[in-house]
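The structure is given below, and queries will be raised subsequently.
Labels run A, B, C and D following the written order; every chain starts at residue 1.
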Amino acid sequence: MSDRRDFIKQTGLLSMAGILGVNKTTAQPINKTSFDPKPSKWADGSRLVVSATMLFEAGGQPDNAPSPFPPNMKPGFKDLPAATWYEYGYKEGIPRMLDNWDRLGIKVTTHMVGSAVLKNPALAKEIVDRGHEASGHGMTWKDEYDMSYEEEKKFIKDGLDAIKKVTGKTAVGYNANFLRRSQNTLKILQELGCIYHIDDLSRDEPFIINVNNKDFAVVPYTVRNNDLGMIELKNFSPDQYLTQIKMEFDQLYEEAATRRRMLSVTFHDRVSGTPQMVRAATELIKYMQKHTGVAFKRKDEIAKMTLKDPTSLRE
Amino acid sequence: MSDRRDFIKQTGLLSMAGILGVNKTTAQPINKTSFDPKPSKWADGSRLVVSATMLFEAGGQPDNAPSPFPPNMKPGFKDLPAATWYEYGYKEGIPRMLDNWDRLGIKVTTHMVGSAVLKNPALAKEIVDRGHEASGHGMTWKDEYDMSYEEEKKFIKDGLDAIKKVTGKTAVGYNANFLRRSQNTLKILQELGCIYHIDDLSRDEPFIINVNNKDFAVVPYTVRNNDLGMIELKNFSPDQYLTQIKMEFDQLYEEAATRRRMLSVTFHDRVSGTPQMVRAATELIKYMQKHTGVAFKRKDEIAKMTLKDPTSLRE
Amino acid sequence: MSDRRDFIKQTGLLSMAGILGVNKTTAQPINKTSFDPKPSKWADGSRLVVSATMLFEAGGQPDNAPSPFPPNMKPGFKDLPAATWYEYGYKEGIPRMLDNWDRLGIKVTTHMVGSAVLKNPALAKEIVDRGHEASGHGMTWKDEYDMSYEEEKKFIKDGLDAIKKVTGKTAVGYNANFLRRSQNTLKILQELGCIYHIDDLSRDEPFIINVNNKDFAVVPYTVRNNDLGMIELKNFSPDQYLTQIKMEFDQLYEEAATRRRMLSVTFHDRVSGTPQMVRAATELIKYMQKHTGVAFKRKDEIAKMTLKDPTSLRE
Amino acid sequence: MSDRRDFIKQTGLLSMAGILGVNKTTAQPINKTSFDPKPSKWADGSRLVVSATMLFEAGGQPDNAPSPFPPNMKPGFKDLPAATWYEYGYKEGIPRMLDNWDRLGIKVTTHMVGSAVLKNPALAKEIVDRGHEASGHGMTWKDEYDMSYEEEKKFIKDGLDAIKKVTGKTAVGYNANFLRRSQNTLKILQELGCIYHIDDLSRDEPFIINVNNKDFAVVPYTVRNNDLGMIELKNFSPDQYLTQIKMEFDQLYEEAATRRRMLSVTFHDRVSGTPQMVRAATELIKYMQKHTGVAFKRKDEIAKMTLKDPTSLRE
């Protein structure tokens, strides 16, 4: 069984890349992931790290926010049933998931929208008191890719402050609305004391980038293991979602024997908080837990471990 | 295995919620569902209540109502095949489902559009004579969220009157077209003698709200266990629909060991009346019936039991 | 196990229907299908009749006809790959299906577009020579719901003439483009000597209607057992399509023990002619053939049997 | 079990086709594929040829190219997360697939976009050095169906030159962006020394056409065994995609006992390079490899074998 890295050592591709004047920032990572003679491993000895995210957004959405209802209402009227669809997120969804995380014995990262935190502070506080990470997700449901530097800095800071005020914890990570950060977002996060963001789909392992001449961690996200994308946008049934992520896990677990691998999976309050989806998540996580060396970690733990590790991938 | 409620008793979140000046109407229910030290149960000893809805709408639709056919006809022409797709609802769909409910020994709630009732009175009467509940669904297929108070009151009352005239029964519940009630709907229903509505997706159990300073029951609906949403809007196959609701049932049945839980499932005449969907419904209901303590109830029964029960959830 | 018909005999619904002045044309069929004390059966003793349709349309489509390709081309250019997608229908699809029908020992009805017949006459002739029915499907791929009486009569007649000229057979049935007939279509078909049409989705058994004061048979179609609708419009995978129709069959076969039932299933040249879909069709039909009393019939046979049978349903 | 070819010999369809003045170019192939008394076989004795394509496009896409993200951004802003979705294609996708092809012991054809090759030359070179075919796919992500002859010739040539410069290999085949070639494309390819193209969906076996009075091979493609079409456009889950192609294989393998058959399957860098899709591909290919006489071939090998073989189908 030929191995990619062995193969590379025979042919002198690195030099060739130089000759052709390859853009370093893009050629480098390939060298790093594919051409590295000695495989990287997780610093703490984990074989595969699973990073689970629970979004806390419901309650903070604007009127008539997107929902499973066709958007065919006259302007000026409130979509009352859609509003109750969101209420489900904090009345049933998060409470159900919190019980389930305890039952399964895992801790997750919760990206919290500031307005949702202020609407249901008791629930936000409970999430943190039960051992889960509170991470930034903006002050409201709003695009930030088109904000000015000042506007965006206030938007992100207000959200982090709301979390601090209600939960007593300082958030050190960030997820932008729809992943769509601006050109300034990372700089702002670094200035605000954050150590990582997740709005990057380029890899199956965390890596370090340089922001304001300091290290900053990227804990990659995914749209394929994302409940909102699969259930609400792609119209998957829960069993399809479950099967897909099991396949994802099987492959990454196998690869994790020889190199550092991370699986990211996402749970939104009103989508993954339903009985059927909690059933799917339970089966999924129990399946993963049957495998030796699988570690469920909060994103702040992953970021810290990555920043400390001299063998971490750098871009 | 940590339990959510035990956990809460250790930390004093209720007080904290006060300090932060949480919006009572939203904070309350969380307290109720999550922080209640002693779990609620169904008054009649049922473990899990299943609420099945059969929609009687076909025949009452306007010309060229939405159908599986692409809407690409020139204006001024009638979509003849689409009209026969609706006819299927009362010619094959409801008769087939009625036989099936008897075979399975369950009673359902039928939300009846007034114009459909007048178009096929014999069928409407038969539904009621076979023991199923006739409940309101408006006089015609029309949005009511944008109606004036007077207009909407007449619209709802005409529908209820059509049901009374044809079936001899007084409807006490309501489902608005597309769930989209107006700000006045609940007030109107209370005035017209109704005791419950279903246009709320916020919970997996019924609850009591205050309308005109009187109690009014909410028997929650769902869009995820809704045949129209899954089969026609999300393009599920019947087996996906079946699997999804089985997963929903398994989770709720487990939760029902310690608290009051209800599963709602929906059957539209022209969608769930097909052979393949009746096959799916039969397997689903037989699966549920294999479990101890599962009670299939009409929504009027559920509403009455809820209104009588001092331990019912209130918002 | 309560039976719907027995139940009815106890309550006097028929009279009541009269009192309320029910629209006879709609109330009648209900009486017929639901209230008839003695169940109807197929005249030839079949338990369940399966009516399979193979569409012969490819080659006759206009330039840039709808295909799996996104329609994002500048006007004035020909979509060359989409054209080859259609070619597949007559180069691989129909030849493959023809071999399969022989292997399975069934005869089907082929609705043939006139322009497709003239483009590939040898194939059209072969279909008929191998024992399948050639039935009308218009002269070209064109909406006829908006044609004048004269225009539509010529459109239908030209299509029937093309079939006659190429295959030597006289077509006696019809399927309108997208099922969308005009108000004149049935009158025209009766005038042209046709005995049935299929553009009706209202029932799971054939029935007789009155056209120009003569009997005319309706051999109902379906959009749910239609490959184009499921595979191309609903994005089903072939296994979903297979499972769905097996469920449809199981229910109809059970019902067929006590009343006349028909299952209709559709195969389009470029959609069901692929290897994966022929695989699905093979498994489906073999599954059906394992059941006693299942008869695969051409629609002309079904129409003739229906018109001859005094117990046939009339509307 | 009647056989299609035997049947034909009894009836004299060929002559009839003449009488009716059938368009030779379309009637011929039918005769060839269906009426040929002695079945065609692969020259090298393979029973079934599988042609796998790995697209190398990521990195070469324009800003804000289509992605799984809803296209609802204000103009003038860069979709940063979508860009990282593409990066995944060359950072994880292709390296993962390359290891997998080696593990499975197969060689594939890689259609390479010129701009992607120049962006990641080391990876392009590695693909070729590991034994896979580099084939043309245009200089950039651009429609060519609307280009002038000169413009298109330069566009295609620049892409082929980039491949030559980076990999040292001369590409002899072509795949147009979205399969949408212009009326001049084949002529241009012939002039540039290419021997085949794949932008044709009409058959399940390769064939020869005449371009500039010289033979040119068509190695047919498919949209149904295409990951981008199924996963991103039809929203299939990987297990649906896997099941679908297994069904496709089973039918073609059976047909391949008596005639030449080819199965084409497609893998895009950012779509099929995910862990879950590589898992599906591994199971699919291992399933195929269990069958005797299944040969995985590069498209250049298939084209050469076809052009040499006097029994090849001609149009």
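Here is the rule we go by: a residue touches a chain if its C-beta (ideal position, glycine included) is under 8 Å from a C-beta of that chain, and two chains touch if they have at least 3 such contacts.
By chain, UniProt protein names: A, B, C, D = Polysaccharide deacetylase family protein.
The structure presented is a predicted model; accordingly, all values stated were derived computationally and were not measured.
Enquirer: Since subunit A and subunit B are copies that touch, just let me know if over half of their interface numbering is common to both, same, or not, different.
Expert: different
Enquirer: Counting only C-alpha atoms to place each centre, which chain is farthest from subunit B?
Expert: D
Enquirer: Between subunit C and subunit D, what's the gap in Å when you average each chain's C-alpha atoms?
Expert: From the centre of subunit C to the centre of subunit D is 35 Å.
Enquirer: If you average the CA atoms of subunit B and of subunit D, how far apart do the two points sit, in angstrom?
Expert: Chain centres of subunit B and subunit D, defined by C-alpha means, are spaced 50 Å apart.
Enquirer: Which positions in subunit B touch two or more other chains at once?
Expert: 235, 240
Enquirer: What are all the touching pairs of chains?
Expert: Pairs flagged as touching, ordered by label: A-B, A-D, B-C, C-D.
Enquirer: Help me check something: in the complex, which residues belonging to subunit A touch subunit D?
Expert: 1-4, 7-8, 11, 13-14, 16-17, 20, 22-23, 26-27, 29-31, 33-34, 143, 145-146, 178-183, 199-204, 221, 223-224, 229, 233-236, 240-241, 243-245, 247-252, 255, 263
Enquirer: Could you list, by residue number, the parts of subunit A that touch subunit B in their complex?
Expert: Residue list for subunit A touching subunit B: 59, 68-70, 73-74, 77-81, 84-85, 87-88, 90-92, 95-96, 98-99, 102-103, 119-123, 125-126, 129-130, 166, 235, 237-240, 274-276, 278-280.
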